[in-house]
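Read from first to last, the chains carry the letters A, B, C and D; within each, the first residue is number 1.
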Amino acid sequence: MTEFAVEAYSLTKKYGARSAVKDLDLVLEQGKKLAILGANGAGKSSLMRMLATLERPSSGSLSILGKDAYKESDLLLQDIAYVSHQSQLYLELSAQENLELFAKLYSIDNALERIDELLEKTQLSYRRHELIKHYSQGMKQRLAIAKAFLHKPKLLLLDEPYAGLDPQGVAVLNALIAELDEGVSIILISHSPEASYDFADELLMLQEGEKVLYESSSQLSKEEFLDRYKQAIFDESWAL
Amino acid sequence: MFTKFLALLKKDLLLEARSKTVLSSMLIYALLVLTIYGAALSQTADNFDILQVSSGLLWALIVFTSLIGLNKTFSHEGEAGALYALLLAPFEKSLVFLSKLCANFIFLVLLEVIVVPLFYFFFLQTSSLSVQSVLLILPLLLGNVGIAGVGTLLASITQRSKSGDILLAILLVPLIFPLLLACVSASAAVIIGSAELMEGFMRSCGIAFSYDAIMLAASYALYEFVLRP
Amino acid sequence: MDPLLLEAYSTVISAVPFVVGAYILIWVALAVFVGASYIKARRIQKELDALKSSLEHLKEDRSKRA
Amino acid sequence: MKTKLLSSNKLVLAVVCIALLLILLDIFMAFFISPLVRGARLSEPVIIVGQMVANKLLFSQKIFYLHVPVALSSFIALLFTAVFSIRYLIKRDPLDDMRAYSCTEIALVFVLATMASGILWTRFEWGSWWVWEPRLTTYFILTLMVLAYFVLRLNIEDADREASFAAVFGILAFINVPISFFVTRIVPSSIHPVIFRTDSGLSSSMLIPFIAGMIGCLLLSFVLYKLRISLKKSDFELQQVKEEFESLYKKRLKEKRVVGDK
């Protein structure tokens, strides 16, 4: 069992001259949950995409589950799942067809039972043969979550999973996360400080790509965290 | 490995069967080009030997129509970010190249099954075609392989840039030019159908075949640098 | 001018403009390229120096007030 | 670190002088030393300068002495583009990407120069401004591919992807050059027979200027390459300084506000 899910040292991501993430050090133990907060454009999504090996860090080092995120990314893909704003599905295919395709790509052996199980859990099985394009946004999000859990990832990356999710979806997501065994680490981007505090073991706040707060929730009282959150957001809004 | 390729190809064909975006747009475009040919050739004198020109006209039609289809290679991937799902799945990304290549090849063949007879119907009915013209299938297939191969690689490059379609055209046409020369020459030899040209026909097909082999090998090798996050 | 000689050199006279034209065009292409590069180089250099000076200016300003 | 602009670099200046000298030598010998190439047969032989001449003298051939070295240099420039592109794909070093880009810029200049002089030569030799003749066609494809390379470079926003895609296309373009060179020559065309024109052998007095011109052009392309590379490096440095400036400026803005709040 590798001890660290994520190890990042002076991690930087530049888009031309502008750097979205600047000199970020981040260490997350296996099985721990991390919440990333910050205003829009603070670099949360860039960091998330780097963690999902979708983007190459401009400089610094990033290793996930003990392997280099960029050079050994193809070894990592089996253990990572990334749920973003986009559902990452084929709209012209049905839920069943989508999951069957990805089950093959992730070479999952008992694919059909796994798909049935997940469709049950996300309460989509009654509309499994319908094309996704007829699904509501909440249903698409739930299917995206089902797809993410398909290959039992060790690292779950959720980019604002609760945004745009109907109440039923929230319950589904929480149930699925609760069911995860301890070994799975979760990194989640969120805009609600209260929920993040209760959910995560560690809290990371970004402002213009730089780390302004990185504490574990045990060492930081909720009030103090909420104060510093408001202060940072106030700074942010003034500077814009 | 092969099952993943089949799954990807099945997905591409299924998507096209449902949405029919690629084939319909290619067919409509081909019909438009044929009507323009009609106008272009309307003033030719009776003794004008259409056979000399028909091979070139046919291939011009195929290349331009294929551009329309190739541009849509990744349209379904782009709709809801499905491309990222493919990038994140742990499998040989060149399988995407192979599945898209086969899909595009099949679409080109389906297109030609309709368009080549139509071309004959519109322009070649009056002229006496030799029996060898049925051999036209060989250069057509070789041409399709080359266009689908290089085209799929270039489509992967241009699908995420802003002026995608014109960029694909300017990248593809010069790269495809030698193949075009060989195919036009082979098709002309068959359509005109005089005996001594048959030797030229075999040589042109040989050239087209070697072009396909070289370019597909290069495209396959380079593909992992194209389809990456 | 002996007609034979004229015939021998007939192509020469008419070829001169093309040959001279070709050479000139080659040099024009090279000249335009070098010229454009130098202009760009100078512009970058100017911008670089301006930025550097204002950077120094900013640094002293911060160190003074720190 | 102030990047030394090209002009102050001693080595490069020397290379420039040698290159220009060689090319001037090439031109001088081409026009004054080497003999006029034999053209069409004369109605009857004539004595010129004590030599028996039997056919028309072709002056247009003089373009050869600079046109061909320039053309070959553009091929070699594209070769280096492919080499640096391969290195970039393997090592992902942005410097290789800059080198490939600069080489293609050199290829562009030499390609345009060759096309211009080539068209003039064709005009005289074939009587029309353009003939779909193998050499010209091959060269036209090369020109299109070099232009396509730049269109590609300008149309991709993300820097990483732009570099990878340009590298891939650079390699494909280079592979396509020999292919189009051979295909345009050996494709049997049903109308006019295949002509396999080998350039006529060069006598020594023709060879020397050609070689001089060749080396001169290669050195010149090396110099231009150095110029473009230093340009790109200073541009890169400019971006870094700009970024440093912006972040510092923002920090100062914050400090001023904090001071203001107290």
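Going forward, a residue touches a chain if its C-beta (ideal position, glycine included) is under 8 Å from a C-beta of that chain, and two chains touch if they have at least 3 such contacts.
All values reported here derive from a predicted model rather than from experimental measurement.
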Joint neighbours of chain C and chain A, given as chain labels
D
Nearest whole angstrom, what separates the Cα centre of chain C from the Cα centre of chain D?
15
Chain-centre distance (mean CA atoms) for chain B and chain D, in whole Å, is 32
Just the number, please: Cα centre separation of chain A and chain B in whole Å.
41
How many angstrom lie between the centres of chain B and chain C, each centre taken as the mean Cα position?
42
Expected list for chain D, residues touching two or more other chains, is 242
Run through the chains and report each pair that touches.
A-B, A-D, B-D, C-D
Residue ranges of chain A in contact with chain B within the complex:
49, 52-56, 74, 77-78, 80, 82, 84, 86-93, 97, 100-102, 104-107, 131-132, 140, 147
Of all residues in chain C, those that touch chain D in their complex:
2, 4-5, 7-12, 14-16, 18-19, 21-23, 25-26, 29-30, 33-34, 37, 40-41, 44-45, 47-48, 51-52, 54-55, 58-59, 61-62, 65
In the complex, chain D touches chain C at residues 5-6, 27, 36, 39, 42-44, 46, 48, 53, 55-60, 62-63, 66-67, 70, 105, 109, 112-113, 116-117, 120-121, 123-124, 220, 224, 227-228, 230-231, 234-235, 237-238, 241-242, 244-245, 248-249, 251-252, 255
In their shared complex, chain A is touched by residues of chain B numbered 3-4, 7-8, 11, 14-15, 18-19, 76, 79-82, 84-91, 229
Using the touch definition from the top, list the residues of chain A that touch chain D in their complex.
14-19, 22, 56, 208, 235, 238-239
